[in-house]
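Mind looking over this structure? Questions follow.
We call the chains A, B, C and D, going by the order they appear; numbering starts again at 1 in every chain.
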Amino acid sequence: MGRRNKIIGSFAEAIADIPDGATIAFGGFAGPGTPYNLTRALLAQGAKRLTCIANTTGGAHVPRMPDLGMLVENGQVAKVICAFTAATRPTDVLPFTKYYDSGEVAAELVPQGTLAERLRAAGAGIPAFYTPTAVGTELAEGRETRVIDGREYLLEYALPCDYAFIRAWRADEAGNLQFRLAQRNFCPVMATAAKTVVVEVEEDILPAGALDPDQIHTSGIFVQRLVKIPPAPEGLWTIRRQERAK
Amino acid sequence: MSATTAKGWDRQQMADRLAQEFQDGWIVNLGVGIPTLCSNTDIGDRDIIYHAENGVIGYGPVLPAGQEDLHLVNAGGQNVSLNPGAAIIHHADSFAIIRSGRIDVTVMGAYEVAANGDFANWKIGGARGGGIGGAMDLAACAKRVFIILEHNTRKGEPRLLRDCALPVTARGVVTLVATNLGLFAPTGDGFAVRELAPGVTFAAAQAATGAPLTEHP
Amino acid sequence: MGRRNKIIGSFAEAIADIPDGATIAFGGFAGPGTPYNLTRALLAQGAKRLTCIANTTGGAHVPRMPDLGMLVENGQVAKVICAFTAATRPTDVLPFTKYYDSGEVAAELVPQGTLAERLRAAGAGIPAFYTPTAVGTELAEGRETRVIDGREYLLEYALPCDYAFIRAWRADEAGNLQFRLAQRNFCPVMATAAKTVVVEVEEDILPAGALDPDQIHTSGIFVQRLVKIPPAPEGLWTIRRQERAK
Amino acid sequence: MSATTAKGWDRQQMADRLAQEFQDGWIVNLGVGIPTLCSNTDIGDRDIIYHAENGVIGYGPVLPAGQEDLHLVNAGGQNVSLNPGAAIIHHADSFAIIRSGRIDVTVMGAYEVAANGDFANWKIGGARGGGIGGAMDLAACAKRVFIILEHNTRKGEPRLLRDCALPVTARGVVTLVATNLGLFAPTGDGFAVRELAPGVTFAAAQAATGAPLTEHP
C-alpha cells in the first residue's frame, strides 16, 4: 500500500479529466471541510452540465468563497441536489435562486439526514432504504411509503456520484485521511459514495504508515488523488485563516 | 387581529425560558437563529449534551473572535468550544443518532406552528426552493420538538394558528412553543398558556394568536 | 458530560438487572472485542429465555472461554441470531448444534454483513433496507425481494437489542470508547443498536476530556455502564494473555 | 468416477497459483482455510491490499507465536501483521466496502462449484444450521469470486459439478477455481482447463470431475 502515487501537483491537474455531465459531491458544512481550491479549479476547468451534490447551493459567506452558486453562475451546472435550495430567511436571496426560478438549473431538495444517508447507502451497496424523515410533507407527495411496525416510512434511494471533492486535515501517501473536528461532516460519507475521490489536504502529506491505523477517518482505498494546499494567497483557506495569512 | 402592545421577552429571554425545560441528562439539538441562544443559558447543575447536525457532540459556548478554532463550528456555523467528553462523528452517523430517537429535544425556529403540533419552517410562501437543512429529520425523530419564534410576523399576523398555511416540516410533533409573549403548548384545538411574559395579559396573547388559547390547568 | 457516573464496580452489578426474555448483542470476532467477563457474569446471573445476537454461537476456542454456547448449555437461551449456527467443517461440532437439532433453542442464520447492517440500521433509525446479499439462496426463499436498476435485492429489517455487551480498550468517564485494532469489529455498531450498553474496559478509565474528540470510536452518548477488567485470574483476558498473566 | 492417481498441487501450491492471478492494485479478501495461504505467497512488485471482514484493511503475513499482537486478527482468527498504510474500520463499514463492490477478488473454500458459476460453502448436507460468515456478502458483491478446494471429497466424489447439490452461497459468480489438479474456469456447460498441475493428465482431471472439461482456448 502506498506505492501507488496518489499525490498530484496541482488542483488543475487533479480535476482535469472531469467530463461534462459528471456528478460531483462537494464536502463541507458551514466552512470546515469545504473544498474551496478544487471548486475554484473546476470554475477554471469549465466542465458543463454537472450534477452537484452538497449541503447547500452556497452564497452565504461574506467575503464569498468558491461555491456551487459560482459554478451555477458560470453556466456549469444542470442540477443541484442539496438540503438548502433557498434561504430560510425571507430577506436572504441565494445566488442560485434566480437560475432555479428561471428553470435554467434543476434542483432536488433533500433533507440533510436523508442526503447523508443516501450517500452512505451508495457507498455501502444498499440501493434503497426506508426513513421516517419527510413523511407527511410536500416532499413525500406521490412517493412510495411503507408502514413498518405501525409507523409510516418513505423509500429513499442511494445517491452515488462520479467524483467527491473534499478537504482533509492530514493524509498519508496511501490516501488515508484524518479530518479535524467539524471538518469531518459529509466528507467521509461522500468519499465512500464516489468512484473518484479528490482531496485537498491542509498539512504536508505523510509517508504511508505515519498515521495510526486506529485513527483513520477515511481509508485510502476510497481515495485516488491528494493535493496539498499551498500557503495563502495561492491556496484558499477558510475566510479568516486566509485573512490572517495576509 | 392585532399585535399585543406589551413587547414581552426578548430573544435571549425566550431562549432562557425554554432552556429551563431541559432536564438533567438530555441530549439537545439547537437550530440556527434564536435556538442557538439556549447554549448561552446558565443551566446550573444540569448535565446537558449539545449535539449539532455536523457531528459535534458535546459543544459549549460560542467563543469570542480571536479565540475560535476555525475547524470547529456548530450547525449554525458559529465557532463554539468543546466540553470535556466531547466526540466528533461524521454526518451520516450524526443523523443516525437523530433518526434513532436519541435527541431528547430539538429546538427550532419556525414561520408557523399549528394547534395540532404541525409546524412549518422550510419554505416561504411562493418560493420554489426551500431550506430544509436537518429540520425534517430532527422534527420527525427527536423525542420532543420545541419551537422558538416571534409571536407575530412583522406585519402583525399571528404565527400560532389553527392550521399551517405553509408546507409543513413535520406533523403533530411540537409540544412546546416559546414566543416573546410567553410559553404555549399545542392542545389539538388551540394552545394552552403555560406562562405569560411580564406585562402580557391573556387577552393580549389571545388577540395575537390565530387559535383559541386556554389557561394551563 | 461525564458528571453522570457510568463506572460500575463489578460485572455482576453491571448486568444484575437483565430480565428474562431480554435481547442481548455480544461484540467480538475471533477473540478481540469479545466480552468474556460480562458473559461469565451472565452465566452466574441466570436470566432465561434470552435472544442472543453475535457473529457465532461459539465453542471454537480451546481452552474454551465464556461464549453463547455456554449460555445455551446453561438453559438461558431461547434464540440465537448469528452468522454461524453450525460449523463449516463436517468434523467440527458446535456445542450449540444439539440444542438446535432438538428444537430446544431457535436460530436465525444471518449473513455476517447483513447482521452488521441490520444492527447499524437499528442504531440509525432505518427500519428496513435492501441488500444484494443472499439473493437466490435458501435464505431468500419466500421472502420479499425487489428489482432496482435491474438487479434483485432482498428486504432486510433493523435488528434492535435491549443490551449490548462489548469490550473496549480505553474509555473515559463520559463513556467515550476506543477500540484497539481488530477489537473494534461489531462493537461500535452493536453499541448504537442497544438501549443499554455495557462495556468491559481493558485500560484504566480516564477522566472526561482525556481522549481526543477526533479519535473516539463510540461516543459516550451510547454508553451507560463501564466496568474495568481486573487483572487475571480474576478478570478474563484473551486466552493467551490470560495464560501469560498466570 | 474415480479420483486421479496424480496428487497434483498441495494446499500452498494451490494458493500460490491463484495468487498469481491477483493484479497490481487489487483489494483482496481471503476466506478461512486454504485461501488464507495466499497471503504467504510472494507477490513481488504487485501492490495488493488484503481486506478482512472484521475491518482490517492492509494486513500482512501471519506472525509467529510470541510476536503476535493479540488485538489483531484476520477473518480466520490468525494473528497477522499490518502493512504501512493499514486502516481499521468497524464491521458495518467493512461490509459496506464489500457490498459496494470494492473487493476486486474474494477467494473462498467451497464444498461444490457448478459449471454455471454457482457454488456452495455454507451448509453441509443434512445439517440444520449453517456457517455463512461473510461468504454470502462477499460472493454476491465482490468483482470476482475465486474458489480453492480439493478436487474430490475424501470418498473420491467430484466437487466440480454440473449443478450444486448443496444449498448455494451465490449463483453464477465463480470465475476461477484452483484445485489440487489444476486451474479451472466455469463455462456454463462445464469447466475450461486453464492449467493442469504437474503429472495430471486431461483425462485424469476429466475422470475426477462431475462436468465436461474443455481445453482452454
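We adopt the following convention: contacts are C-beta pairs under 8 Å (C-beta built on N, C-alpha and C of every residue); 3 or more make two chains touch, one makes a residue touch a chain.
According to UniProt, the chain labels map to these proteins: A, C = CoA transferase subunit A; B, D = 3-oxoacid CoA-transferase subunit B.
Keep in mind it's a predicted model, so treat the numbers as computed, not measured.
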item	value
Subunit A (CoA transferase subunit A) and subunit B, separation of their C-alpha mean positions in angstrom	28
Distance between the centres, which are taken as Cα means, of subunit C (CoA transferase subunit A) and subunit B, whole angstrom	38
Sequence positions of subunit B contacting 2 or more other chains	82, 88-89, 92, 95-96, 98-99, 141
Shared interface positions of subunit A (CoA transferase subunit A), touching two or more other chains	117, 120, 124-126, 131-132, 179-181, 184, 213-214, 217
Graph class of chain-chain contacts, one of line, ring, star, complete, other	other
Contact pairs between chains, per stated definition	A-B, A-C, A-D, B-C, C-D
Residues on subunit C (CoA transferase subunit A) engaged by subunit D in the complex (per definition of touch)	29-32, 55, 60, 83-88, 90, 94, 96-97, 100-101, 107, 109-114, 116-117, 119-120, 131-139, 169, 179-189, 217, 238, 240-241
Touch list for subunit C (CoA transferase subunit A) against partner subunit B, complex	1-4, 120, 122-126, 172-176, 192, 207-209, 213-214, 216, 219-221
Of subunit D, residues touching subunit A (CoA transferase subunit A) in the complex	25, 27, 47, 49, 51, 57-58, 82-89, 92, 95-102, 141
Partner subunit A (CoA transferase subunit A), residues of subunit B touching it in the complex	32, 52-56, 68-73, 75-77, 82, 88-92, 94-96, 98-99, 109, 121-124, 127-137, 140-141, 167-171
Contacting residues of subunit C (CoA transferase subunit A) [partner subunit A (CoA transferase subunit A), same complex]	117, 121, 124-132, 146, 148-149, 151, 153, 157, 178-181, 184, 213-215, 217
